[in-house]
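Right, one structure below, let's go through it.
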Amino acid sequence: MNFASDNVVGASRPVLDALIAANEGARASYGNDDETRAVEARLSEIFEREVAVCLVATGTAANALALSAFVPPYGAVLCHANAHVMEDECGAPEFFAGGAKLIGLDGVGAKIAPQTLARALAAYPAPTRQSPPFAVSISQASECGLVYRPAEIAALAEVARGAGLSLHMDGARFANALVALGCSPADMTWKAGIDVLSFGATKNGCLAAEAVIVFDPARAKALPILRKRSGHTLSKGRLLGAQLLGYLGDDHWLANARHANAMAARLADGLRRLPGVRLAWPAEANEVFPVLPLPVAERLRAQGAIFHPWAPTALPEEFVLEAGEGVFRLVASFATREADVELFLARAAEAVSAAA
Amino acid sequence: MNFASDNVVGASRPVLDALIAANEGARASYGNDDETRAVEARLSEIFEREVAVCLVATGTAANALALSAFVPPYGAVLCHANAHVMEDECGAPEFFAGGAKLIGLDGVGAKIAPQTLARALAAYPAPTRQSPPFAVSISQASECGLVYRPAEIAALAEVARGAGLSLHMDGARFANALVALGCSPADMTWKAGIDVLSFGATKNGCLAAEAVIVFDPARAKALPILRKRSGHTLSKGRLLGAQLLGYLGDDHWLANARHANAMAARLADGLRRLPGVRLAWPAEANEVFPVLPLPVAERLRAQGAIFHPWAPTALPEEFVLEAGEGVFRLVASFATREADVELFLARAAEAVSAAA
Amino acid sequence: MNFASDNVVGASRPVLDALIAANEGARASYGNDDETRAVEARLSEIFEREVAVCLVATGTAANALALSAFVPPYGAVLCHANAHVMEDECGAPEFFAGGAKLIGLDGVGAKIAPQTLARALAAYPAPTRQSPPFAVSISQASECGLVYRPAEIAALAEVARGAGLSLHMDGARFANALVALGCSPADMTWKAGIDVLSFGATKNGCLAAEAVIVFDPARAKALPILRKRSGHTLSKGRLLGAQLLGYLGDDHWLANARHANAMAARLADGLRRLPGVRLAWPAEANEVFPVLPLPVAERLRAQGAIFHPWAPTALPEEFVLEAGEGVFRLVASFATREADVELFLARAAEAVSAAA
Amino acid sequence: MNFASDNVVGASRPVLDALIAANEGARASYGNDDETRAVEARLSEIFEREVAVCLVATGTAANALALSAFVPPYGAVLCHANAHVMEDECGAPEFFAGGAKLIGLDGVGAKIAPQTLARALAAYPAPTRQSPPFAVSISQASECGLVYRPAEIAALAEVARGAGLSLHMDGARFANALVALGCSPADMTWKAGIDVLSFGATKNGCLAAEAVIVFDPARAKALPILRKRSGHTLSKGRLLGAQLLGYLGDDHWLANARHANAMAARLADGLRRLPGVRLAWPAEANEVFPVLPLPVAERLRAQGAIFHPWAPTALPEEFVLEAGEGVFRLVASFATREADVELFLARAAEAVSAAA
């Protein structure tokens, strides 16, 4: 019953097999190997246009590189105040972008509303008083497990574009959001106005593989240099290429995401039905954020369930947390077993009864 | 006959097996997994003292992190003018160290002589004119395939220490140098005065795994933060831990290095005997730098041999390159087959005859 | 009736005279001149202990240098969300500190309450998730014209110290705060726990002169290097030294500040008495923040009064801004004439009557 | 007899007078004052085209800002190995340009020959191995007192342009070079291919005033932001504007430079005639670099002459420094008195005789 994160398991079998297969033989170094080339071609197919691709091993590197390619050191990025780039990357975006500034915006469920963005830009100080904004960054799915609809992204893109800003998507859980929406990768990105995407794969089946994807390749020229300069160009580049080849083959990535989302939905449904248990935000992708009486959470943990508390920010205004309650996060992954979900729900029901 | 680099092959079998074995099951994230913990303990054993260890996926990241932990943004690093950190890392050391300056010193075979270092420090401008030096970086083996003896390192360390500087070793080919010297890892590092080491493993059998090793753990406190901030903390940290577990087990790493060095020695011996062929520098580790008549090199390549030209810098003063000659680099790895070596030498002999 | 800022006038007469006097003759360069040496000695007297002094030409440089001397690139600074370092320096603190992160805290009147700081530190994420905090920065007087009492500073220092953080004071209006409190410079700084001070002089009588003052000189060793590296070491250093010599001589700086504060108090008193006019925050130093009906503000401007609107943040919770009202800022300086104050108040009274 | 530098004296009279005149009254802040506006217009006249101007207080700031506006953090600058930006600015260019790399080239008299630049670019590593070059920086006059002819600049510009690089001129001694050549400011800059100029004024009559001048204003858009972010935007901007107004008025700057050059020429002529005294490089602007027997130098200093030794690099190949000789630097300024020059020459003649 390990629901701590979608990064506590290893690679899924097809990913591992691809890695084993690619281990043999001599390959060109530094990302000039056949696997990497094949992945680049595959991603252009998936996104229905020629894209520039830059593979790296971590999501933090992907986000920070993506932002640094679109934001100069004297610029700023607008993002949600609870965005991963703002709160969980130890200053990596600022570091990669040479001291650029991140400006946090409010919004329920760690999503930015278009009118919030518009207001922030209207009130933004003159460029020599404050670092001028160059980009907006949104997380898909959001840090609270919510999913932006293509129309919502398009509305944000319109505001961003009107102010001359680029739009970045942190897609650490890209596949989970995608299958939740049932739209195409193109619909969820460049067709809605995304300029640059951190295409996550590690959480959904790889060991360590992410792609920065730039939809207008002309704007990606500095990326290979930025990647090398940040130590993220693997000499044996096949490690990244092979993982993603396995990941993207036979729609394996979509199957993984569908499974994770289904497990999360089952958890959410089961929890919501328990008396005294609510969800802080709807479980739209593979994360569930139940509000639990603290003794219930404690008992579940004592019985071996693993999950983290979550900061009670970005709640809807009308959502009041009672004394003795806490927000928690459960994450399902491609490897989550239905039996574990059922066991957890059973244990939760017992805990709620016991606490009543 | 691929002698282009020691990074054109994948992982050695024990490394791959360790990776496969570690893929199963749930693990703590971000380097708190059992494999990583075991590697940290193993490295303390290997170095005969408690060391601080920080695993990363690339040598450039290891070097840049190591330097940034010992050099503030306003400081300078003295290194050889042809050092990898100076010429081949696309500014990564400067980036990680926040704009710190690299100062290149001369020296035959890309090695720094203690008196060269002493002279450079004596002539160094006052701190508010030039960024004051905080560290010296040497490469073991050097970029020209030479190996510093422990006494040479100790002599450099004495000069460095006298000026209050730390001593860094870029050990991208640490194992090759080690088995060439036949000394202990401790002898070649902290006992000789090394403060921080980039312990390379990728070139010698891993897919992507290096360790920053700090011999005084008290000086390593910022490293985990610097690693995260540069996007080099893998969420599924077992990827690095498992590789190194396989690499360091059963002295596999030393066996790999011995094989590579033996293949290089065989190449060097064979080439040296050919009329009109010289070695730019002795082949002390796993790299051979023959000076070849250009038609010989061309013919070898036409026959499928893969190897790179090398810049004719750092040659001994008396070494005169004739018109029509070029310096080349051949690299042997754990995976180099004796048959390929013999074939190459045979082809080289033919080429020399043909060119005569 | 120019109340736009305290930087719209030139130097006060004694400052200019000192500059003229120091212009003659040859002097050692780069801050080794007699004037600068004398200022350093004078500041040690004023602060009743040996302090390290680093003169620069702008307040932004002073703040950014001060922070960069106490915060590494991977660290964070806690400050008020509306602090000058956060909102008005175009990312200079982040730039000087190599990408360090500024974290904004709430607080009425742009002051940080000790319990707010304590809560923020208690909730602060682990060091590898978020840049760890190294310093707290407060503004004296605050951006809303309020003054921290020594006991308030001591309470903040206690919290900061408990978490191992340094305490910085942005003293752009140091003298105004000092004379408002009537305490000694030592009481308001190191005796209350301030580690490093941006000692402002430009707004209060100089043309361009500020001092970074470090109360423990052992912690100031990097400052001269950081200053040179940021281009802030004047070759003809007497320019800074002379201004401050004139500024600090004969308590001229205190007289200037007393005058400015008195003018602000007169403005505040007069405005407060007008029907429909309130002050957003008490006028404790040389700034007045009236809430005016917009037509009143417009009329005053049409009659030649110069002053800026102010963002209605950091208001007390119970303070409700009505539609048709705005917050404005009036700043008095050493050069503000009483006649201008009286004229402004008369015009304001007329405007209020006209608007009624 | 102070020939230590051209920065040991204060401002020339017209500059000081302009400063005093501009001190009165209220002015718009942050460089929006009338004096600054007038200087901008005057510089466009002087350079015979509309230029973008950014005033700062130091030459290091001007150079570093200029380079950072044309070179991204991942780029490199080619300059002479002994350039001021390389050896005397404590890493400021690297800092401002976010970690960009400076690559030092050789050349007699600290001048870069076009073929040296061409060779360096031809041998330059691929962009993901080494930071790609974005700019070339030359010093006019050079650090050894030599002056680039417009045709030499044009030849460098052609090479630079062919590789897509911008060309920067460090004009700390712009006026001295200009009057030495007798050409127009336009001839020596944009007409010869200079893109961005550090227009020095401090050494030639101001207290602290330099201008970054961008010849294509469209490329200068980030400069005001970069200036503010580096703390170089004076709130009382008139300080810079006024100095330069006095400096540029009535060709005062050219008169100052002519005087300094004449004094240097007189020194050079007198020294060259002394037996056993040579010049390391011809004295083309306001600096003289005599090679003196060490006892001669010592005796002169004992008699009150002030001047610095100079590193014996960048000498012509055939120039052999004998044991017991040293290279020294004498700098003349607008304030150098003919009597001091004559006295120095007389003392030097005596010293030479005494040493014979």
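In this document, chain identifiers A, B, C and D correspond to the written order of the chains, with residue numbering beginning at 1 in each.
By our rule, contacts are C-beta pairs under 8 Å (C-beta built on N, C-alpha and C of every residue); 3 or more make two chains touch, one makes a residue touch a chain.
None of the values given here were measured: they were computed from a predicted structure.
Q: Looking at chain pairs B-D and A-D, which one is connected by more C-beta pairs in contact?
A: B-D
Q: In whole angstrom, what separates the CA-based centres of chain A and chain D?
A: Result: the chain centres lie 51 Å from each other.
Q: How many angstrom between the C-alpha centroids of chain B and chain A?
A: Those two chain centres are 36 Å apart.
Q: Report the inter-centroid distance (CA atoms only) between chain B and chain D in whole Å.
A: Centres of chain B and chain D (C-alpha means) sit 41 Å apart.
Q: If a residue has to touch 2 or more other chains to count, which residues of chain B qualify?
A: In chain B, the residues touching two or more other chains are 73-74, 90-91, 95, 98-99, 127-129, 131, 225, 228-229, 233.
Q: Chains as vertices, touching pairs as edges: which of line, ring, star, complete or other describes this one?
A: complete
Q: Note which residues of chain D are touching chain C in the complex, please.
A: That would be residues 2, 4-5, 7-11, 16, 19-20, 22-29, 56-62, 64-65, 89-92, 95-96, 202-203, 207-208, 225, 228-236, 238-239 of chain D.
Q: Show me the residue ranges of chain B that touch chain D in the complex, using the header's touch definition.
A: 73-74, 76, 87-88, 90-91, 94-95, 98-102, 123, 125, 127-131, 311
Q: Mind pulling up the chain A residues that touch chain D in the complex?
A: Touch residues, chain A against chain D: 30, 72-74, 98-99, 127-129, 131-132, 222, 224-229, 233.
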